[in-house]
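Should a chain be cited, it is by its letter among A, B and C, assigned in written order, with residues numbered from 1 in that chain.
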Amino acid sequence: MTSFLSTNAELVITAVKIALLLFIVLTVNAYLTWFERKVVAHIQSRWGPHRVGPHGLLQPLADGLKFLFKEDPTPAGADKFVYYLAPLLALALALTSIALIPFGPQPIRLFNHDIYLGIVSPDVNIGILALFAITAMGVYGVALAGWSSNSKYPLLGGLRSSAQMISYELALTMSVVGVLLMAGSFNLKQIIEAQAHHPERGIFGWNVWPQILGFFCFFVAAVAETNRVPFDLPEAESELVAGFHTEYASFKFAMFFIAEYTSMITVSCLCSILFFGGWLSPFPASWTFTHYLPSVILIPFGLWVILDGFRYETMFGRIILPGVGTAIAGLGAVFVLLPNVNEFIQAPFWLLSKIFVFLFVYVWMRGTLPRFRYDQLMAFGWKLLLPLSIVNVIVTSFVILVRMTWGAK
Amino acid sequence: MGREMTAPLVVFFVLAALAVIGAVSLILQKHPIHSALSLIVVMVALAGLYLLLGAEFVAAVQIIVYGGAIMVLFVFVIMLLNAGVEEHTNLSKMAGAPGLLLVVALAGFVAATIAKSAESVHAAPQTGELASTLEISNMIFKDFVYPFELTSFLILVAVLGATVLAQREKS
Amino acid sequence: MVPTNYYVILSAILFGLGVFAFIFKRNIITIFMSIELMLNAVNLAFVAFSQPLGKVDGQVFVLFVIVVAAAEAAVGLGIIILIARNRQTLNVERVDLLKL
């Protein structure tokens, strides 16, 4: 047994990492739905889910159980193979893109093997290009779902939303070219390290300042790619008429749902890696006292959760909430007491906080912005975003060329 | 086979089997949308084979352009034209058997010629190193810059042609 | 490592299957897809030869083939849409007279 483990160690480590990451991503998806419902509700001056479990925290569990037990009909005359394939394809592609994202630069050294944070090592030569390849294939889930339902409205909804996705894919890839020119590589680790050339600049060394136009184009195009507000006409049509997932019931609809939230997470990761310095701290590198920031955030938050739990209305909440709060505060205390662990988690902490900020911006946009009409959407993608991203490429390459010739003198 | 089953060889056989199964399924399926899905499987398998050969940029471009754009175009056209199950007439069934024989002969001839080919192909070892995108871009923008600009012109012509061809007639 | 022969034999098999699909199938879109299959088989041969030589010429040529195939697919599908509109059929055996 141990010899099998030692000869195929890489395979076993990868399999364990895949299982762990899958579990984490699905749980994060579930609690992302809770977060979205709470935040949108508070924007609309109402409480979100607050009955199922303390502060509605068990609501995703209840939704998952509902999806499992609902009836799952298949429309008559639908092409069965393609009908079952479409949600599987959407979910598989969305989860695959998470596998390519590095969550930290340094590996953990365990049993003489380097275990990287993230399924592949950060040093994939075509990192960003592979992510775009997976995004490009995501159109099929939507188009095939719309077609295989054997019904007019899903077909039109599916065709419209896949046309939207391929239109904004062009602007998405063009807007990243500026970042690639500055970093000189497709490698995600080198893109982040190119933003750390001047460690004393901290937040001012990130790519978003020279590439502000590229960031705007990328973020808008990515929101359109993931079919979120204000570009959520495929979903909005299900409020008005129908969308591509009309004929999909419980579990298959849940697969589309999870695929959408997972691609939201991927886009947030990409935004933070490409434009906001990835795992770099916003403070200058000489301010080492900022390394205690995770503990400074976690310990008071944990104590606040404990206090809130003591005054909670239900008995269940009065038991669970202090437990959760103790766990959070304990984690913060561990980081203060063990300096090795503290140094290690700096990188993932900053990356996860940036991802969280982008997810909040996504949810914030959902609560506040109205949606585009279809012709406005297509005109915006082709006539505004694509020319803007091309202008970004031209200006960036011109500036780099001028810098190279002046620097050579 | 006289060669031990190393991991690259196993991966090669899996991807090659996937590609051949996809191609056979393209022929055997009755509905064009299933043929299109089989062709997508072939293209993804070929992208995997390019990765095995160390050509990472070409693999990514294959998935993005072929798998994510050209095949999407095919799938759209099949959906819009509402292509149904295709019928086979007597003529096509008669052409099936001699066609199969001729194709087997063609493929067999090409494969046999290559298998008995010059020693240089056998002896040239697979270096196993990755082709860098830098080399490819150097070659495109220095040695092949004129064909590159011509292809951009070609795409412009194709876009205009497709737009004009697919227009509704003004009646 | 995998010998280069294996890749080229696979390319020959895929090309042969593409030719067979071109002859045997009746739907014009499927015939067009078999052309793409043949182009892909040739691409595989190019990349397989570029590996042992250590040069990237084969891969640059593959990129050009992919670009030309994209342009050809766009125009070809435009023509197919016109045929479908004018003849109301996608079966090549029905489209055998120049007169409508």
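We take it that contacts are C-beta pairs under 8 Å (C-beta built on N, C-alpha and C of every residue); 3 or more make two chains touch, one makes a residue touch a chain.
Computed from a predicted structure; not experimentally measured.
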By the contact definition above, name the pair with the higher C-beta contact count: A-B or B-C.
B-C
With centres defined as CA means, the chain nearest the overall centre is A
Please report how many Å separate the Cα centroid of chain A from that of chain C, as a whole number.
37
Chain-centre distance (mean CA atoms) for chain A and chain B, in whole Å, is 32
At what distance in angstrom does the C-alpha mean of chain C lie from that of chain B?
7
Identify all positions of chain B at which a residue touches two or more other chains, and write them in rising order.
57, 69, 80
Sort out for me which residues of chain A touch chain B in the complex.
79, 81-82, 85, 125-126, 129-130, 132-134, 136-137, 139-140, 143-144, 147, 155, 159, 162, 166, 169, 186
In the complex with chain A, residue positions of chain B that touch it
31, 33-34, 37, 40, 56-57, 59-60, 63-64, 67-69, 72, 75-76, 79-80, 130, 132-133
Residues of chain C defined as touching chain B within the complex:
1-10, 12-21, 23-27, 29-30, 32-34, 36-37, 40, 43-44, 47-48, 50-54, 56-57, 59-60, 62-64, 66-75, 77-82, 84, 90-91, 93
Interfacial residue positions of chain B with respect to chain C in the complex:
6, 8-9, 12, 16, 19-20, 23-24, 26-27, 32, 35-36, 39, 42-43, 46, 49-50, 52-55, 57-58, 61-62, 65-66, 69-70, 73-74, 77-78, 80-81, 83, 86-89, 91-92, 95-96, 99-100, 103-104, 106-107, 110-111, 114-115, 117, 121-122, 124-129, 131, 135-136, 139-140, 144, 147, 151, 154-155, 157-159, 161-162, 164-166
